[in-house]
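After this come two complexes, each holding chain A, first together with chain B and then together with chain C.
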Partner chain A sequence: MTDTTERTFALPDLGEGLVEATVLEWLAAPGDRIGRNAPLVELETTKSAVEIPSPYAGTVVRLHAEEGEVVQVGSALVTFAVEGPAGEADDGAAGQAGIVGRVPQDGEAPRRRVRLRPPEE
Partner chain B sequence: MDQVLSGEVPLRYAVEGDPAAPGEAPPVLLLHGYGSNHELNWLRTGWPAALEGRALIAPDLRGHGGSGKPGDDGAYTPERIAGDMVRLLDALGADRVDAVGYSMGARNAWELALRHPGRVRRLVLAGFGPRDPFAGADLHALDRDSSPFGRMHRVAGTVPGNDLDALAACARGQASRPFTPEPAPGVPMLFAAGERDAVAADAEELAASCGAEVVRVPGRDHANAVSARALKEAVRGFLAVEAPAGGPR
Partner chain C sequence: MTGTITEAAGAADASAPRVREMSMQQAVNAALRTVLREDPRTLVFGEDVGALGGVFRVTDGLQEEFGAERVFDTPLAESAIIGMAVGLAMNGWRPIPELQFDGFAYPAVDQIVNQLARMNYRSRGAVPMPVTLRLPSFGGIQAPEHHGESLEALFAHVPGLKVCAPCDPQDAYRLLLQSVRCDDPVVYMEPKARYWDRRPVELAHDPGDMPVGRSRVLRRGRHATLVAWGAMVHRCLQAAEYAAEDGVELEVVDLRWLKPIDAEGLAASAARTRRAVVVHEAPLTAGLGAEVSALVTERAFGALAAPVERVAGFDVPYPAGPLEPQYLPTIDRILSAVQRTLEYKRP
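== the complex of A and B ==
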């Protein structure tokens, strides 16, 4: 069996001081295989609508927000199962800072939050 | 990558693929809406992926984004903007394009097709209808205007790089040439808009007079229809088929 690692993608900073966005439409569903940079979700901020491409190649495991729901920057948006041994699967998310470290090798299914920026404490 | 076409009014634009390459399908010229720019309107909304395989030309219209921002109203008439587009197409070696406009971009794409019929193969008018978009607005006092257009103007003011004085001049220049359904460009056209788009109200009427189809995206309004998958698929399909309905060929 191929190693897979779960990766949770959080709502990235959309710029211009925006702190939240509304999910307009999911462009992928749980169980879908998705390529890196393939259309993932359509969001709307107070200023504009945007389409977010997938940061990973893998399988969509979970969507963390419904269409019409407001999501805060830094909150979980979608979880992927990414093929490849832990530690190498980050290749798909080049440019995302702060996703260093290793996921557990056994025990519970590995889950962790991926943040583009640290949450405000 | 962004480039700048120099001239009296410099134009910033992005190009994807080779617009001068000979082939069946011409490049697609993307004209953004009022107060926006090519990046916000087309790139961040996922249009390059939706139109994959087509060469793209996406300028910032004068007064917007990284393009020149003249201060006089007369610099912003539809004929001046259409002139910019011809200048850009000439510089890129694109003889003929499919033009896709959103909102004010559609108004000016119409003008381009009307004044320069040889340059446009097909025309997509998205987020656009025959009604006066400036209805009820005092275009000389937009900073405190409470009409729908006035409110849109102030939202546009929060987009980095926008210059509200230049945008107001642009609004007045555009308004100085009220849209008329006649004469219509003699190219196949497609109208597309959110179901709740007030700016595109009565698009069906205009489309009927042009022999064109209208695609409506359920649940969407003027601000959020542009990124909708249904809109992109309709446009992609219309630009791909051999001989679409909508106007003489």
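== the complex of A and C ==
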């Protein structure tokens, strides 16, 4: 028997700093098996309608918004059951569905490698 | 007009606190409300700024509050937007046009350079151009082409224009009030990557204590000065945090005004720390960093322990999407430049 892990996909930034989107149509339903990058949902922002591909391969467990409902960037959109234990299932795709644009988050301080040596006084 | 700000967004409620936490995008919105209330000659217009409230929600709710005659949408025609601002200013209005993205300013350059910037000069001061051109600028949001450019050197090179770029919500509010009240044309560059940065903002801030052209020291240090503007200020503050772990104390100067530049303030800081590194997103060659380097060198040459270093974008078109982190100055590139100034030995 294969382990499965629940993964919740939050509405990513759809570009140009737009902060919310309306769910136009779900292209998958709870119980459906879905492939990575398969059509998942159609959203409409104030700028355009966009089809969001699935960030995971797995089974759709829950939809967090009805059609017609407005979802804020960062809010839960859909939960999947993904095969594999927690560590392996996490491919870093949450929040990144291959769409242009993202809201920079504070607290994501870029890492450093260079170390400094203070000058001799 | 007294110049005293008594109202800002929602502040009509006397019980509302004077200091509120808000994002930079909300702070710009609040500043626009303030100037629209205080001066009936102010007008806000551009692509999608009216009914939609701007693609970044910066003008959200303004058309509802001030009406479609003062806050209105224009055709997708940047040259016409600035040409209209010039005509309105000639007739006594105080226009605040928006060009939706940095890269969309190029079609308007003729109107900006040939009309807006020199009408005051051409008319021997009879026809001032109190226009504030709002320009969402710089990169960092991994958007497509034309959405991440840094045009400050282009505009700073044009006689007659003033140019500023805030780095946080409070200064975004303060600089916008100052820009709109100024009788000269100002290019006001909003760092898109910092739009959602939330900080406490004092809405009734009177910019009088920070005259046009004044920089500010955001962090004190004694080993080297980092100079930046817009979103790179935040990155320099992060670099200064890392440097402190190694016992190196970096001073961080937020330039704020890119023209006029605070040459005295820059020189004073560089003279204290004896080393300076200027950081910007724009390509290196003929970027504003060269001007900063020249000003510091001219004024503080005797005090400097090392040549002024520049950390900048590369001399390529601004890359879209996933290549952006490879283009923008990184913490490591900033720290490496600092190290070069620390190690420098006179030949």
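The rule is short, and it goes like this: the second predicted complex is superposed on the first by the 92 of 121 C-alpha atoms of A that agree within 3 Å, B and C clash if a C-alpha of one lies under 4 Å from a C-alpha of the other, contacts with A are read in each partner's own complex, and residues count from 1 in each chain.
In the analysis below, contacts are C-beta pairs under 8 Å (C-beta built on N, C-alpha and C of every residue); 3 or more make two chains touch, one makes a residue touch a chain.
Keep in mind that this is a model prediction, so the values were computed, not measured.
By the touch criterion stated above, A:27 is placed in contact with chain B alone, chain C being left untouched.
When the two complexes are overlaid on their common chain A, residue A:19 makes contact with chain C while staying clear of chain B.
Within the superposed three-chain model, A:47 lies in touch with chain B and with chain C [touch as defined at top].
Within the superposed three-chain arrangement, the count of touched residues of chain A is higher for C, of the candidates chain B and chain C. Contact with neither chain B nor chain C is seen for A:36 once the two complexes are overlaid on the shared chain.
After overlaying the two complexes on the shared chain, residue contacts for A:64 are found with neither chain B nor chain C. Touching of chain A by both chain B and chain C, each in its own complex, is seen for residues 16, 46-47. Touching chain C in their complex are the following residues of chain A: 13, 15-19, 46-47, 100-104, 106, 109-119.
Touching chain B in their complex are the following residues of chain A: 16, 24-25, 27, 37-39, 42, 44, 46-51, 53. Here chain B touches chain A in the complex through residues 36, 40, 44-46, 49, 155, 158-160, 220, 223-229, going by the rule given at the top. For chain C in complex with chain A, the residues that touch the partner chain are 25, 52, 55-57, 140-144, 147, 192-197, 223, 235, 238-239, 241-243, 246-248, 305, 320-321, 330-332, 335-336, 338-339, 342-343.
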